[in-house]
Structure formats: C-alpha cells, structure tokens
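A single structure is presented below for examination.
Per-chain numbering from 1; labels A, B, C, D and E assigned in written order.
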C-alpha cells in the first residue's frame, strides 16, 4: 500500500524537479499520441460515417470486422508493424523502427477501429428526418457528412476521447516498435513498464499519475466544448 | 515478414493440435474477460444512465473525471489492485493475488469507465420527447431506465464491444495481478508478450490470431442481434 | 541501425541494474560514438540482431550465443563480465535446502513439492535454471503444481515467490535490488550459492556483416573492444549497486 | 362546485424556462369528467400547461391539487392515472403493437392484451391486420399520430391530456378521435383537456374553452386578440391602424401592456354603418367562414377585416335575418370601453 | 400547355415500400408558377409524392421530368432549386439563426445574411430579437414549425414543396404562411405543391387541387369518398347503410374494388325531398360548416349525414335562396350512375 502514497509524492517531485527523463517521456507521449489521434480521426470519421449513414450489402459484415479489430492486441499490432518496418521488411529502408513515427503508425491502427466503430454507431442513431432535411435544403455530399457529424458531435467527442485513452495507455506497440529507448522513444507507459519491472512500484505509480494528469488536462479542455 | 506467414500456420497448428498451454490460456482469457465484462456492464450501465439522463450540478465534472479514467494505464491499475490484494495489502487475506479473480477485478476497473462514458453519451443523445413520453405513459423509474437503454441498444452494444476489445487485449493487469503463471493465470495476451520477449515472433502472431478469432466469434454472434 | 551511432539490444538485467546508464556515457565520451539501446529478453534481443534491426548485442546465454554464431548471424563473441546466480527461498526453508549442492537442493524441492518459481521465459536466466534441473537428473517439472512458471522478469518472479512463499533462482544483481527495496529485511534469503555452474557470463556479440550489411560492424567492433579495454573493465569493477559489487569483469 | 368535484385545482402557478415566464395562472379549476378545450396562439403556453397537468414537469412556483391533494411528478397516486399525448408523439423503436401495449405492460395489466390493442387501433381507425406488426418508422405522419393516440386510449386513464391530437390527422380520423374522447368521458368518467388550433373541432368536443395568451388564461374561451403596435392619440385612447386605412379606437390601458382583448359577446354585426354615436368602432369586412357549434346550435363566424380576423357567435335567426353567408360584406361594431388589456 | 411551361412531368411513377405499392401515378403535370394543393386521407401517399418531387428519394419505377429533363436525387440542376418542408420538420442542433441561415451558407450566399434571416423570420411572424439566438429546443411546437418554414423561404427556391406547413401553427401564422407562399409565386415565380388537411386554408391558397387516395391521383381536387362495407342488392347495384337507417344506392362497379367517389358537381342540395323518379339517392343531413373560397367567391359547405361528411360547392345566391346556415337541415341528391369506382 505505502508505495501508492510514495507514488503520489514522487509524481510531484518528478514534475517539479523537472526530471529530464520524465519530461522527455511526457513530450514523446504527447507528440506520438497527438499524431496518431489526428491520423485515426482523419481516417476513422469518414469511414465511420459511411458505415453508419448508408445501407449497403455487406455492411453488417464490415461492422463485424471493425468490431473485431477493436480486439487487436497491441503486441500483435506492434509485431505486424515491426514486420513491415524492420530492416528486412518491405518498408525497412525508411528507418522507421525505433522512432516515434513508427509508434504513431501502430497507434493509428489501434485507434482507427475505435473511432470508426463508435462514429458509425453514433451516426446510425441519427434521425431519419435529419437526412431528409439536409437533402431537401440542398446539401451536397460533403455538407451532409460535415453537418451529420456536427449534429452528433458529442458522440464523436466520446469516440475520440475513448480512442485517446486507448492510445495514451498502450504499451505493446511503443515497446515493440519504439524499443523504449531512453530520451528517444521512451513514452510514459513504457517508462512505467520499465520501472515496474525494476520493482520500483512507487515510480510506476508516479509516472501513471503523470499520464493521468495529462489525460485530465486534455479532457478538461475538451469539457469546455461540451455544453452543460 | 515471413514470421507473419509462419504465425498464420502456427495459429492453426496450435488450435488443431490441442496444445494444452494454448487452450488453458484461451480458457483463462474467456473466463476472466466474461467475468469482468459482466461486472463492468452491471456497474457501468446504471452509472452511465444516471450521468446521461439527468442534469445535475457537477455533472460536467463527473464526466471529465470519467473521461480521464479512460486513460488509466493498465499497469497503473495493475499496481493499484496489487497494492490492495497483495499479502501486505488490506485485502491480502482473501488470497486474490495471482488468481483469475484478481485479474477480473482489475479488468472491471479498466472496462467500467468505457461502458459508463459511452453509455452516458449515448443516453444523452436520447430525444427529449422520449423522456416525456415515458413519464406520461406512467413509466416508473425502473421502466424509464430499461426502456431508455433498450431504445439506444445499438449504442450500448457498441460501448460493450469497445470495452470487450479493451479487456481482451489488456496485458498490464493480467501480468501484474495474475502473474502470467503458466496453466493458471496465463492469458492469451500475457502469453503473446512472453513469446515476443523470447523472440518467438511467429508464436506471438499465432496467439494474436487466436485472440482475434475469439473476438470475431463473439462479434459475429452479437451481429445477429443487430438488425440490418 | 539508424543513420548515426550504434544501436544495441541488450537484456533487461544490464539496464535494470543501471550498469548501462553508468557505463555508456563513458563510452560515448571516449570514442565519440553515440549508442542507444533497447532492453528486452535475451531471445528477442538475439532476434532483433538476426533481423538486422540493431548493430550490436550485449547478452548472457552462452550456448544460444554460440549457436547464433554458428548459424551465421553473429560474428565475434567477446566475454566481458559475469555475475552469478543464487537460489533464494523463505527463511524457514520448508524443503531444507540451505547449504546443499545445487542438485541436492533441487531434488529436495521436488521431493517436498515445495513451491518453486521459474521465469519460464527462455531468458538467459531461465535457460540456466533448466540446465540445473537437467544436471540434477530431474525432468523439467513443467506441469507440476508446485512448479510455477511466471513468464515474467526476474524481479516480478521474485515478488511472486515472496507472495507464494516459494523458492526461485535469480541473478545476484536483481536479488540485491530486491533486498534493498525491502529495506534489508527481505523475506526471501539466499540459500544456495557459489557453485561454478552458477556463473552468469555476459558477452558482447557483433553481427555477421554477411547477414547484415547495414549493421555498423566497425563501430560494433569498437564497442566490443572498448568493453574489453582495461578502462571499461575498471569501470565495471567499480560499479556498485547499493554498495555491493554486481559484475566481475573477465575480458580476456 | 365542491372540492370533491374537482380533478385539478391550480393555485398561483408560475412557470419559467430559464428566466422567461411562460405561464402565470392564479387559480384554475378543472371539474372531474369535463372536457376542456385549450386555445391560444403558438407559444402561448398550452403545451407547458399540459405538461404541468400531466405531472411530467414541476411548475417553478405554485401548487397543483389533483383530486384534492397536492401532487408531484412520479407520485404513485397520479403516475398511472394521468396520461398526456404529447405534441410531437414519440414512438418507441418497436413495432406498433408493442408501442400500444407498452403502457399496459408496465402496469402489468396484460390480460386480453391482443384484444385490447385491436380495439385501441380500431378506435383510431387503423386496422390490426395491416398495422400491428409495422415498425415504428413505417408509418405516415397521421398514422403515427393515431398510433400514439391509441397508446393513450388503451390505458383508460382518469385524465387524458391531448396536445393537438388532430394536428396531422385527416378529417375522418379527427371525427374518430372526437368520438373516442367523448366515449372516454362517458364510459369511465375521464377528465379531458385538449389543446388544438382547429377551433371547429375543439368547439365540437369541449364543454368549456380556456383561452390562453402569453401564459395568461381567460376562462371564457376563444376571444379576439388585437396585438400592437398601437398609436397613442390622447390621454384616454389608443388607435390601431389597419392596412386598408380603417382605424380601431381603444380605451388606453392603465398599466404598461401591449395586447387588447375584445370578447365575442361585445361585438355586434350589421350590414350598414350606424350613424355616429353609440359604438365608436365600426369596421367593415367580410365573412370567411361559418361553423356550427354542435353543443348549442349557434354558429361561430370568422370575419376578416383587412389583415385582422375577428370571431363572433351568431344565431340561426340572425343569419337568416341578415342573409349572411361566407363572402358577404358586413360591419362589425363594438365600443372602445369594452376592450380589456392584458 | 407546352412542354416548357411544365415544372414537373411524372410518367408511370410507381413507388413501393418493401412490397407495398403506395403510389401509382400514370401521368402528372405541374405547371411552372402554379400552386397545387394536395389532399387526401392519412397514408394516401402525399408525403411520399412530395419526397419524390423533391428528389429526396427515387421512385421505384418511372421517371420524373423536371423542367423537361429527367432528373435524379443529388443532380446539381435540382439540388439547390427544389426544397421541401418535411412533415416532421427537423431543426439542426444549433440556434434558430443558424438553422435559417444553413441553406444559404451551403450555397455560399452569405451576403446580407443577417438581414435575410431577419426578413425570413418576419415572414413567419417571429421576431428576430426574441428568437434568433434561441436554441433549437427552446421553441414551442408551432414556433419550431415556423422556423423550419423560414429556413425554406429564405432560399427563394424555384420549387417549394410544403408538407402540412400549418399542422401545428396558429391561425395568424397560417395566414402569414399563405401570404408568404403567394409572394414566392408572384415575386420569383416559384412553383408550389402543398399538402394539408386544412381544406379551407388549402383552397384559399391553391390554384388547383389534387386529390390523392391510396396512391392514386384525382386531378379534380377534393371529392367525396365513400368507403365500404357495401351490400350487394342485385346485379346492377350496391348499397351502403348508414347508422341512422338511411341507404345510399350505387351502381355496381365493373371490377373488384372497394371505394366510391362522388364528385362535388354531381351533388345537388334541396330543402325538401323530390318526389320519386329522377335522382335515386336523397339523403337528409345538416350543414356543419360553410367556408369561403377566396378564388371565386363560392362557398364550400360540409354536410354531415349521420357519420358521413359530404362536401359541395354553393353559390351565394343558392345560400340566400335556400336560407342556408350551419345547423340547417338539408337534403342531398345525386344519381347512382354518377358514382366512380377506384
């Protein structure tokens, strides 16, 4: 139990003392998660929209596949990405292994199904009258997408926040693709794994708190977007 | 790249040959994830309903906290649960450490915010007229909860599927609380982590495929609940 | 195998003990070569080398290393240091193994069905442990109830042993760490130590340029040389964790 | 009217949305077994009042007595007895049968369920065979409205509150809904309050009409409302100018207000202007509709005066005497002193 | 009527929902600049037709010519020119201003936006100050309906399709919407098609009425429909029995059908029964309403015969002559040969 208390104290120390390894990990985490969130939202919103808005043959199967992709283990994604960007992989020449870019690619694959599946289910809940209204007001295809997404903005926000939580806390990809290299690809979660492995539970807790703090700040700023 | 191909072949071998360590891991995974899903749905649905249905002071803050809980790192949860159920912890006497029950507790904590936050955001999207209609038809509080949840059943299903994906793929808690003990608390994800660490990438991929297959079967059965 | 500097894969023990954090800045300063490392299980470290994703390895599994070279993945193997393994267990020693030889101790564990933790992760440590069972003439008790395979790192395994009041085999460095975390009164004590079979040899492995043309073989060799240099060997000798010596340099 | 005759008694009710007062009712009594018509322009507060009567919402201030007791939302004594057909009826995402049976199911009164649903559908003119198994979205606007109505009727409630029940319903069905409402009163003594913009229909069904305007109630039924802008001519009077140059003179109000009410009974009709003296307002216009009030055989006539419509009640004799018919030019007369300000 | 005069030409249109045919129109022409009223009971296919005309849906079969060309949903030549006010108007989850401005914004016509919104709100009788900043849900039913109407009017579309635009709107606003519709036609030549259950209002606004019943169109406007059950008396005739014992005799149809249509023009009115011979149907009932048809000064009278309502058109002279008024007992006469079967 006491290591939890110690962890709280340590969390403050780490942040206040400006411990450079902590801060570079914070920085790496922010960079990589922002990047992967942007990519997965960019790809997930349109895909989710198409899947939720239109009725077409095979839609149900696509949904099942997407839902299954929600259960892609991070280590698995990590291995698959590794296979592609390792020196002997088809993309080996780009030198993405042990880089933040590599991690971001993997995390995008992780977050994409979350964004897409939740967007689709939110869009599905849209009133049929909205679709009719938009068409009769002369909305083009792009207007329909943007307006529908805006109508269900709180649902989309929930999708994004869920995906963000997933990306922020994932270890498997960062470890496998990033290599947990100090000052380079060490993110907060891989640092937590490392400290915990060393038996430094208090440090693990402290870093966990730092991560939660980041999430809290992000969610606090998002909560201003959300009306009462 | 070739280890991915090898992994596919190996996945079949593992399942067909009835490899006992694989099957016990599959079994452990199923038991523990089912248990934690039941618990987190049991707790998350009502909480999400309350949060989404009612307007009260501090609701926005509760939402922010819940959203932040989406970013609880699994190792962190693992450590926290460990602190409570380890020998020296307050619940040490129950002997929950290194048991599937222990893992299920941790996974429940992991899945709860997902179920609750997504339920809340789905319930929030409910038409105000539905609430009015139910009240005027004489629905009591329990009727209102069940009917509202049933009205947004596809949204709830999406929440559950997302949480299930998270639980199924989580490593940190299973590792920390379960101890990855062969034939006992080794789940598929901890087995993947182990094989990968051994450098047996093909085995990791194979086990990942087994996990994905489980998710696929579950989602396929759920997809029959979903109308076209 | 990035553009500048060396990329090394190593086992968790060298990283977790802090040895690399202590040693590498010296290397970088003296040779002007930058070195990054990723710490993983021995098996994965070897695999990363085989796939040419790193330039050099620092590992501790001599039989596997020799096979690795024989397979054409590794080129030079240079032994640089060692530490040793010990068997630890609860102070009351239910199987009564204290002071026994390795083989007797393991037989006692088996006969008493005392709980024994194995890492079961094919790491250098695990490989050594399996060898010990074999030497004691006992078939690996894979499915025995008392033989618990954690599939985790050393410290985690020790913690499991402590929770379950069992025995385990560990490298001394990790044990020292564990001991320090318990403020010097750790429930698990060293019960068997000192046998020459318990030595834990660390080597630097360079990759065979034939297999990995992109690997920085010359820089890797420089690192290997440096590790064997008097300077580095002295540094290793002086490295202490919580006041105790951890690694004994033995470069030839 | 003794206390026990009353279904509702509202005392000092005020209701606010955010900071805007939308309802202000000092005292309102509704008898058991009566059918009350609720009239008023858009936004006057009809739906709000009905929601309060349904105990679906708490008034910001004041108390509502139901059967002599102050009641609140979710009170078990009103919960299953008062039901409201909302203005935008919401159908549950289930088939029509389940929508109609829902109320009975939550009351656990599932005996002869199918028969009851069949009967309820029939009362609103829908046939069981064709509609019971349809999904909620496979209905036309009016059909949906009628399914929602059936879901209320099946409950045989003590109080039936209907918010524009015939808004998108055809003439035949409007008649059916009228019949069903009367039957509810006659067969099990239901109390009804019905809001509607269809005056003829509302008059044909209700015993009493309440006119509501800007949240204030006039218990005398539909009255003529004249809205500003007004121009002040002297201390004592205001005038309103109509588009065609005609002028309405009104006695100036004592407080700061902006809407005038002229009751039907204070307006008289003629074919020619009277010589000056007597009434000070003589407006020329033409009849646009004449509707029968079933209750009393009187005729409700709507007269258009430029862009203003006034309503008055005529007897068959008056009509025969003056030879009135829709399209006929007439003069309306009333005295500026008879105006009321709200 | 040349081809270039036509806004719409529908050929062999059939529309199905799942396997049910709900619309069957062989040929329908709608002139540019005309105002067409769409009448018919619930579920007759009005909304479906309007959705097809709006190109919001493709008919299952057949083609729709717009301005002489076959057009389809999302075709750029119709997309921003045809607009439909749906039966259940949906407001976007934004403030009223944004709802009304939406159409202009997607057309990128944002000049004088505020002025235009102000004007649009005024046309439906809502004041900018009070309403522009309200959220979508802070409106009464009728206010919401009018906001949706304003959002269509602001677009100044070539074709304005209105599905029950005054369903929950008060009398004053119904007038305003009438005015706005006429203005749309007069000012920028809009073509309008309007569905409504308010006959008087619809007649007061439309040039031509289409009556639609079970998906079939009668281009002659509102006619009297008599539904079964009928009883076969002999080879040549059917009868329908009314609740009060009166009997309607009808010529037996040639094919298997179930609904009879008697056109207004074939019914005459009298105070006394004629001696036998001549017409074979003489039904006694009473007038329930008389409404002015603005266009032609004629009067549309509704006569109730037990539970049947029949409509016919009267002239002022007829009314004066027979001394008719709502409530008066009358005899309706028509010949069984004049019945049409659909």
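One rule holds in what follows: a residue touches a chain if its C-beta (ideal position, glycine included) is under 8 Å from a C-beta of that chain, and two chains touch if they have at least 3 such contacts.
Predicted, not measured: the structure shown is a model, and the values here were computed from it.
Minimum number of contact steps separating subunit C from subunit D: 2. The highest number of C-beta contact pairs joins the chains A-B.
Fitting subunit A to subunit B on Cα positions gives a rotation angle of 180°, stated in steps of 5. With centres defined by CA atoms alone, the chain at the far end from subunit E is C. Per-chain Cα centroids separate subunit B from subunit C by 36 Å. Centre-to-centre spacing of subunit C and subunit E amounts to 88 Å, using the average Cα coordinate of each chain.
The mean-CA centres of subunit B and subunit D are about 54 angstrom from one another, to the nearest whole unit.
In subunit D, 88 are the positions where the chain touches two or more neighbouring chains simultaneously.
In subunit A, the residues that reach two or more other chains under the touch definition are 88, 127.
Subunit C has residues 156 in contact with two or more other chains. Interchain contacts (touch definition given at top) occur between A-B, A-C, A-E, B-C, B-D, D-E. Looking at the complex, you find that subunit C touches subunit A at residues 1-3, 7, 12, 15-16, 21, 36-39, 51-53, 153, 155-156, 158-159, 177-178, 181, 212, 214. Contact residues of subunit D toward subunit E in the complex are 17-18, 40-43, 46-47, 87-88, 138-143, 146, 163-164, 167-173, 175, 197-200, 286-292, 297, 299, 307, 309, 316, 319-320, 323-328. Residue ranges of subunit B in contact with subunit C, taken from their complex: 86-87, 97-98, 175-176, 179-184, 186, 190-191, 193-194, 196-201. Remark: subunit B residues 127, 129-130, 132-133, 135-141, 143, 147, 150-151 touch subunit D in the complex.
Taken in their complex, subunit B has these residues touching subunit A: 1, 3-4, 55, 59-61, 63-64, 67-68, 70-76, 78-80, 82-84, 88-90, 113-114, 117-118, 121-122, 124-125, 127, 152, 154-155, 157-158, 161-162, 164-166, 168-169, 171-172, 176, 188-189, 192-193, 196, 201, 204-205, 208-209, 211-212, 214-216, 219-220, 222-223, 226, 228.
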